[in-house]
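In the two assemblies presented below, chain A is common to both, partnered first by chain B and then by chain C.
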Partner chain A sequence: MLMTHFIHGQSLLLATYLALVAVVLTAAILSSQPARPIPLAALLRQSGVLLFQALPLALLLFLLFPRLPTPFGGLGQVQTGRTGLSDSMQPGSVSELIQSDAIAFRAEFEGAAPAGSDLYWRGPVLWKYDGRVWSDLKIAGEDLLEIQPLGRPLNYSVMLEPHQQHWLFTLGASSQAPDVASDLTADMQWLARQPVKTRLRYSHSAHLDYRMDPVLLPELEALALQLPEGQNPRARRLAETWRRQAGNDDGALIRQALDHFRTEDFYYTLRPPRLDGDAMDAFLFDTRRGFCEHYASAFVVLMRMAEVPARVVTGYQGAELNPLGGYWLVRQRDAHAWAEVWLSGRGWVRVDPTAAVAPDRVERGINAALPELERPRATWDLAWLRPAHQAWDALNMQWQRWVVGYDHARQKALMERLHPALASLKGLLWALVGSSLLVLALLTLWILGRRRSPSPDRLQVLYGRFKARLNRIGVATPDTEGPLDLARRTATLRPDLATRVEAITRLYASLRYGPLPPDQARELARLIHGFKPRR
Partner chain B sequence: MKLDHPTLWLILPLTLAVAPLVWHLPFWVSGFWVLAIMLKLLRPDRAWPVYWLLPLAAGVFLGVLAEFRTIIGPQAGVSLLVAMSGTGRSWPSSAISC
Partner chain C sequence: MTDPLARALDQINGVVLGKDHQIRLALACLLARGHLLIEDVPGVGKTTLAHTLAMVLGLGFHRIQFTSDLLPADILGVAIYQRDSGGFTFHPGPIFTQVVLADEINRASPKAQSALLEAMEEGQVSVEGETRPLPHPFFVLATQNPSEQIGVFPLPESQLDRFLMRIHLGYPDPQAERELLRGTPRRTLLTRMAPAMTPAQLQDLQDQVAGVQVSDALVAYLQALLAVTRQDSRFAVGLSPRAGLALKRAAQAWALMQGRRFVLPEDVQAVLSAVVTHRLKPSGEGFQGDPEWAGRILKEVPIP
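Right, the complex of A and B next:
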């Protein structure tokens, strides 16, 4: 029954709790023994010792018991994750996530981590806009995507929390797949073949500098310019004005749009007013208050109106370093939406209009960008709790990596490193049986040995040491001779030692036969320690 | 209500072992289990008669079957295990084996 708990969760906290319950359960079994009643503390101690003795065997079974390539009978599939990003976006959908401090994933970099402003974790890419809601089309066909890497690759690994969807969040761009079963879409989304229902670890190599789709296919261009008919006339007039001013220079048009967000009275807030009617017109000209989804959405609409292919990308931006574990934490509150525009000769280029309105959002994180009253609060925000929280999370990370994450692939890799023969199931089973028998034999010998040789008398040990020192200077110490006789004979043979030998012998005799308290044994030990006679 | 040592040593570990599962189980399974524990606490000296126990165990089995349409699988299996742990006559070995 204890093991069934792991169907619902495999956290370190749960495992610790279950280990303690196992101690109580073992104590319960011990208590049912017909012998005399044992006090509670002694029962628990005995139970703990028994379980501790079983640890070597448990460790061996953990390492060698064959792991299955897929979870047994669907175990581990029951875990339910918190919700995260979805395949659609409307005003309010990202800002809802910001209220949650749940962990989305943890990331580790090989070598130095990129700057916080480069940490754009790519998720769903949204193309279709109906005037209010953006939708992901999940355009299949990685052959439609062309990535030209620029600069050196960045290697990193991600431990993704279950989110019930297919997205694998990745940095930059790369056509090299993460090391889990996944497919690449035409808009650079990595999708796991199975929904992520349990914690998933993957490694990836990506380029932060890249050129994506230098040539845009006509089908994709049409999708990237799609807009609902007859909506948002004021926004359309603004975009057409910018187009006339910029001519054919799309870069200048983008700069003009960002300047508009930067210089006009736009405000970054988690509590934007409701947008009625033509949502973009209302946002751009009336309310001017919004969150990242408002800015990304408005920017892409304006670009499309100005005939610049554009799309919305959602994911996470930034991360928080856990200095104790050396990894980066990305929370739901880091959820973000940004834009990608297609520029001739450069391909898809990331543009973050939120950074124009609230630069702190990208540079220093969500809390730095929001007004004081709107900042989401969590227990770990308390400064004095932060180190404890980080330590606990680092411990959890190691637990997940080395214990929960010890799956079929990791076992195979470890066994191959130990000996190639162990990589096969047959070899593993032989090793399991052989080493288990060896551990059991050693344990049995140890227990038997302990029973046969009761712990030696401390006084006897001390006196034996004293006799050994006498032997060393040529004084024989037969077992048949009592301590007092030995002392008298030694005093005759070596008068220079008489006083010290007499003192040691008297104290030993008092401790052995007399009423002296046992702490005098320490005095005897001190005297014998200082007794180093020369020939 | 006076608890003897053997009863305490059975109820305590069983409660510790089952408690975190209660939130994941169907309401009636958790309720049944809590009720069984409370009955045992109230009358620790009384063993459930066999003519109660057998229909009760059969009812639990059928209840789980009706709930999940199977008794195989993690959820149905755990529910059956927890419910049956509450039907032990005097909870001898069935409870300890958890």
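Right, the complex of A and C next:
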């Protein structure tokens, strides 16, 4: 019955809670057995010991029990109602995410991690603009995309939190798919074939240096220049002025646009004023306060007005290192929007207009870029809680990786490494039965052995502690002296301790050398715990 | 403490003054069904102790004075021809009693010594081709002058091994000596003495000794003690397994006398000197049976 909980969730917290429940339930079963009542603490401890003894077997079953190649239809950890990026963007949609410190995904790099300013995690690519809302077209057609990798590939893996959508966030560019069932769109989005409803781990190999689409197909060019008719006349005039000044040099045009954002009076803020009427005109010439989505969309609109093919890319920018787990954490508040423009000969090039307004956003993360008052506050931002939070997250990551993530493929790989015969279902079952019997036999031997001699080691440890305490108050305790002699000598040195020392040594002597039942050891432990003599 | 034992100790202490530990050892030795060798100069109360023990325990007592011309027949007895019946009749020697005091055993020839020692080991004697059992309990209490005196035949090691314990009485301390000089003569005290227990009670106590618990931890301690004498270069010969058994039995008796049903390391330590020093043969310096050795061993072997 307990196990059914794992259908709804498999988190470390739940597993810990269920383990505790198991202890209590076992204690309840134990309490119904004997005629005489047992104190609660003893019951709980007994049941804990019982479950602990079952641990080796459980571990074995975990490792060897055959995993199904596919999960039960749709069962698993389904989470709903989470915030995340969507396939459309309008003013305010990203700044909402910034308020959330929920985790988007965790990433691990093979080798050194790239610089923070290179960490642009690509998500939805937005083409269509209706004057207010940007939307993703999800243009199918892997063959429409051409990627020429430059430089060495970067290998990394991502543990993606469920976001109910299809995107797999990736760095740079690559035509090599992540190792989960996924499709590539013409604008370099990796889409998982199933919506990501459970935590998903994938590895990817990407190039931070690349050339994308050196030749732009006419259909795509048309999409990349699309604008709603007759809106934003002031912006159009500005763009046309720039075009005239730059001539055919698209690069100069881009520089001019970025300079405009940098030198004019633009502010980076989470609380931009409402934009009425022609949104871009209002933003560019009146309010001049905005967030990354404002800058990205204004920039792309201006580029399109100046006949430069451009598109908005959303995703996440930056990451926070968890030094304990050695991995990088990307939160919802790292959500970001930037632009890509197509330059002839160079293909699609990433341009981040936000970096022109607030360079700190890219260099040092979201908190550094925002004015003090607007910084999102969350409990884990308290400095003293941070290490604990990081440790907890690192623990969770390992749990996900080794326990929840131990699936059919991983089991098969591990078994093949151990012994080729284990790779088959039959071999696995034989190994399971054989090793379970072995573990049971060992456990039986251990329990029988314990019954024969009532844990002499524990007695020794207790008595050692007692002697150490006597030593501390200046009573020598040579190990060639018997317990009663020690008591006698202590009584002459410290008459005030005589009765307690005698009680302890007498009990110890009867436990170690006499016929006293081993459960008296608890009494000895109690006496020695309470024995704290002062000089 | 078991009651008759307390009474017995009390009575003996009233006669042999200031020797509590030695008296306890002697009694423990008897409870462990072992024989006792008392080694000391004449006149310190060896005979008195032996006599008192026999009296207090209500046992028959004979004394054999060992001299250089003592013959085995003087100990075991002889068969003499009877003219009336035309047959031989066995006349039991002084050994047919419960407590035998073999006084100055090292004065006799080895032949006489071995006659006694065989009886001690077997609990029976063979005279004229006939085996005769000795009474029960049978307890030999031998005294011996220290071997540096003239005109003695020291007991060989193999025969020393037959004695469960060897003790020294030593001179009484000043207070005990004062009481001795002032008090009633010991012989008079002895004649007034009543037994503290019946032979059946003694038998029962002896049976209880074997039932005193020896735990694994204590066996480990015994083994450690034996091992150190075998590995150490200071000893030419280490302790034999028989010595180990003797040590265990003596410690059990000692524990019973303390009123305990299990043996503690303290019990082993109390009897160690009496049980092992006459069995140890040091190499090089140090003479055989130096009681210092036991103390040194105890200081070296930690209690496991």
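The criterion applied here is as follows: the second predicted complex is superposed on the first by the 441 of 535 C-alpha atoms of A that agree within 3 Å, B and C clash if a C-alpha of one lies under 4 Å from a C-alpha of the other, contacts with A are read in each partner's own complex, and residues count from 1 in each chain.
Operating definition for what follows: contacts are C-beta pairs under 8 Å (C-beta built on N, C-alpha and C of every residue); 3 or more make two chains touch, one makes a residue touch a chain.
Just so it is clear, the model here is predicted, and its values are computed rather than measured.
Visitor: Could you let me know whether more residues of chain A are touched by chain B or by chain C?
Guide: B
Visitor: Classify the contacts of A:L343 with the two partner chains as first (chain B alone), second (chain C alone), both, or neither.
Guide: Touch partners of A:L343: none, neither chain B nor chain C.
Visitor: Figure out whether A:Y513 sits in contact with chain B (first) or chain C (second), or with both, or with neither.
Guide: A:Y513 sits against chain C, while chain B stays out of touch.
Visitor: Looking at A:D485, would you say it contacts chain B, chain C, both, or neither? Reply first, second, both or neither.
Guide: It touches chain C, and chain B stays clear.
Visitor: Is A:I103 touching the first partner chain B, the second partner chain C, both, or neither of them?
Guide: In the superposition, A:I103 touches no partner, neither chain B nor chain C.
Visitor: List the residues on chain B that touch chain A in their complex, please.
Guide: 5-6, 9-10, 12-13, 16-18, 20-21, 24, 73-75, 77-78, 81-82, 85, 96, 98
Visitor: Okay, in this complex, where on chain A does chain B touch?
Guide: Those in contact with chain B are residues 1-2, 4-5, 7-8, 14, 17, 21, 24-25, 27-29, 31-32, 37, 73-75, 78.
Visitor: Considering the complex alone, what residue numbers of chain C touch chain A?
Guide: Residues 213, 215-218, 260-266, 269, 298-303 of chain C touch chain A in their complex.
Visitor: Show which residues of chain A lie in contact with chain C when the two form their complex.
Guide: 453, 456, 479-485, 509-510, 512-515
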